[in-house]
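Each of the next two complexes has chain A plus one more chain, namely chain B in the first and chain C in the second.
Coming up: the complex of A and B.
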């Protein structure tokens, strides 16, 4: 039985545990990635504490999490419940359409939005500007850059949730739905008292994963704005990346990564607790 | 296929593999390998390196076997890890002098002073660049290419409007206002693809407004970055931004899209680097426009023009190299007149090796004469000491990345010039104390 575990355990130790432990250790060292690391205790954390962009990045991660806990989950639930009403063949078509953005590589999605939609020269926004609409590229404004990036991620993401929720909704026992229908429940009553409670575990899981994923967000931000303008769309992962590979400050990057993991850890804790409670 | 047959087949494959490995090993014994990891290059550029460097070098050195491995955009990270474990290439191609300092400090590079004396690099290479490759008094690196900042403009547009290329900041501002009045964007500029473009403009004002003498003093720690000349420089740059010289789409345009606007006549001029010469043939001829390039205007009291020097990448030899003599010969080949001419005929802007004397260099007839002229002027100006310092080459890494975002904060009104320079100065002092500031050639 133990032999059975060896392959997965070995992979986990080599590519997860060792790098993770090294990262934890590096957070307490000053290291440029080239010469020998120097132990500085909590120095990296103290430096982050007094670093303005770190707090901006943390705040942006929290805004991002709040946004993704509500908008795409709401959109996904709404669309999934509408799919229930649509005849079978139509719902398959809609599922494909909703799911399509999920399978496009993020780099391509980001470039399409940047060049063909937001750009004032080559994009739809530029065309609308020429028609006289007072519309600007959201990525170029400090007040909207983060939301501009989030919109792209949202467009790419919500279809996934929709398909997951739809699959879960179809698992709700037919008898309960039938019974509610015979009792004369309206669509909203059906949602409120039968369907939503029926897929509660799926929604919980998606929400917890959303928290974890929101703190890991990197690709869209890095491609679309690189954290700018003026740090306005900086998130913890882009900050860590810049510290490691541009500032050659691997220690502070590791400390930033630990903060990211901390939020993931809290979410995981809640997930495991809910899981164990439900399995009892 | 039966179980035994499979095993027999696998065995045969193994034997064949072993045999071919021993054949290659035997061949390698005759020729000493030299390895070089290169960054991203377009297919036609990879071919140019193969045809103009690898093939002629190997033909001229029968005992050596040079091979170039294209490692893509992640070269810098791969190289750092490989150097740590002593398994890197013989020719070490770093992203710039700040990397050289750290690697030399860690004992990963071989001092090149003996090769420089033996192979005549001291006579062939511009002395400033030899200084730049030094760490603790020893030579560790030679720059592959150098670049400078100046002002591209549309000659056709200037002639039509009776404009002259500006030589002073006052003339520049008058001209920019005239362009704005005509509905043109004065400065073609954009950072959507490369946010560090911000530092091109900071480098320009530091050198052409505060002046290279002051930048030199600040780099050596004699005056702080908060000194008055720098305040004036950043205030001026901020003032240009607030007056709209950079146009409404700075954060939306890519560098190339912005540069194209000079050719189309939507923008008047482009304060940018010599690397944009590669975009000239792509946009100017099809718009029937003639390109011009001059040094950036200088403020009162600063000589004109000042060419801020920047280095893209550098060559060193790994301390762990089995074939350092071969690696030195490769570097020597790159620093020949013939290679300069051949390479710049097919690939401009990326192989401007810092040779002292370009008069014997032959560049192909199809290449824009403005390019050859500019490079010759530049080499002569640097020889005469009329040069400044780009931030990406001379500032230590964290100071430089702060500068990129910090300037945006000033432009967008999040912080003041004073706050920006204070943080810049604090970061710089920290890095200077840690020995991260690259070598600064004496003036």
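Coming up: the complex of A and C.
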């Protein structure tokens, strides 16, 4: 019976487990990817500790997490609950459209926003500027770059949550809804006391996944701003990537990766507890 | 379930949902609109309708993004990944759905843990290891990486399909003298084939759209994926945004058409693999 698992496990161990263990080891070495690694103990972590961009990146990841725990989950819940009021055919149409941004490649979404919306030359922002509105490209300002990037990811993401929440809402037992109805509950009371408690496990799971994904965010930052201007939108994953492939400081990149994983690990612990309660 | 509400509530509902609709569609409309316009028209007003419908952007985009090569690379990569994930994943899901011993719990736990591992946790040693072995710019090697990343999701989803098959069907086959391999290939696989199709669609979507791994491991011009060659085209200085949007539309259109026709499969699959609440 183990034979059935061999291909999956072999690929997984070679691609993920062994390199992951090597990353843990590399975090304690100085290595440029070519010459022999030199053991430096906690040197990489000490270097990160006194590295300004590292702290900016960590802070940005935390801001990102807070943002994504609230805004898209709120939008998703609102839209999903409103879909319950709409006839079936209508709700399917809304769902399909809301889901479209999810299936478009991140590189394309990033470029559409960059060129067609934010750009001062070819974008809607530039057009509004010409009309005299005081509006600037958020990606070019240190104070707004991170939020400019987050907006794009938000657009790409909230439809997924809406669809998931809607699927969960429809599975809330009919008797509970009937009971609330007989008691004369309004739509909002229904949400507050019946529907939201009914899909609590799904909301919890999505919040845990949000924490994990918020520390993995890479594509949009890398494509839209490369972490700039002046590291203002840098996150840990782009920082690690830059350290490994641009600065050829693989040891520090590995140490950064460990920090990312640490945050993920806590969330993963809860994720596995919830998932395995359901499926094992 | 459907809630029936007053007229006022219903109006507000449609207004809010309509705002959502507009938000989701606005950038997509800009994409389509501007793919039909000249660079000059776009600078004048990105919101305006094209003065003349023109398709020359598409021809230039196809040539400049080398889609005749890169589309083929993406298709190969996607197909290989689908085959690898579906074959290895369905075998794994088959046993994980049937056995309830402690060791299987450990395997499930391990697979769940790897779904949430950041790519950066294994990317750097993997890259330098692949470089040493000469596996950079190798489409098959990248499809193995995708398989490792996506198969836990696929296994969790397929497992629910295997679990839904009544035990009696398997038992009857065993009584008839079928080996476990025969049970798997002749009896179970045909029954769970809708699940495999769903997994193939979603893994195909992920592989087609993937950026980080593709841009890291496939760098030589004749090995780029469509998405990465789009990324490089749109990153050049003298950017013609009409052409860039045309290139974007060429990549997105097949996916969107497929999605609209098979939306239930997509949505249920993506939701089912990550949520069981």
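One rule holds in what follows: the second predicted complex is superposed on the first by the 269 of 280 C-alpha atoms of A that agree within 3 Å, B and C clash if a C-alpha of one lies under 4 Å from a C-alpha of the other, contacts with A are read in each partner's own complex, and residues count from 1 in each chain.
In this section, a contact is a pair of C-beta atoms (placed from the backbone, for glycine too) under 8 Å apart; a residue touches a chain by one contact, two chains touch by 3 or more.
Predicted model only: the values in this text are computed from it and were never measured.
Contact with neither chain B nor chain C is seen for A:192 once the two complexes are overlaid on the shared chain. In the superposed model, more residues of chain A are touched by C than by the other of chain B and chain C. When the two structures are aligned on the shared chain, A:101 is found in touch with chain C, with no touch to chain B.
In the superposition on chain A, A:245 makes contact with both chain B and chain C. In the overlay built on the shared chain, the residue A:230 is in contact with chain B alone; chain C does not reach it.
Touch criterion not met for A:273: it reaches neither chain B nor chain C. Contact with both chain B and chain C is seen for A:33 once the two complexes are overlaid on the shared chain.
Applying the stated contact rule after C-alpha superposition, one finds that A:121 touches each of chain B and chain C. Of the two partner chains, chain B is the only one touched by A:140; chain C is not. Chain A residues 33, 121-122, 245 lie at the interface with chain B in one structure and with chain C in the other. Of all the residues in chain A, the ones that touch chain C in their complex are 1-2, 4-5, 7-9, 11-12, 14-20, 22-23, 26, 33, 75, 78-79, 82-88, 92, 94-109, 111-113, 115-117, 121-124, 126-127, 155, 159-160, 162-164, 167-170, 172, 174, 177, 187, 190, 199, 201-202, 204-206, 209, 212, 215-216, 218-219, 222-223, 237, 240-241, 244-245, 250, 253-254, 256-258, 260-261, 264, 267-268, 271-272, 275-276, 278-280. Across the interface of their complex, chain B is touched by residues 32-36, 53, 114, 118-122, 137, 139-140, 142, 226-231, 242, 245-249 of chain A.
The touching residues of chain C, counted against chain A in their complex, run 1-5, 9-10, 13-14, 16-17, 20-21, 23-25, 27-28, 30-31, 34, 39, 42-43, 45-47, 84, 87-89, 91-92, 94-96, 99, 105, 107-114, 116-129, 144-145, 147-149, 151-152, 155-156, 159-160, 180, 184, 205, 208-209, 211-212, 216, 227-228, 230-231, 234, 239, 241, 244-245, 248, 251-252, 255-256, 259-260, 263, 266-268, 270-271, 274-277. Put simply, chain B touches chain A in their complex at residues 76-77, 80, 83-84, 98-99, 102-103, 105-106, 108, 191-192, 195, 248-253, 257, 397-398, 400-401, 405, 408-409, 411-412, 414, 436.
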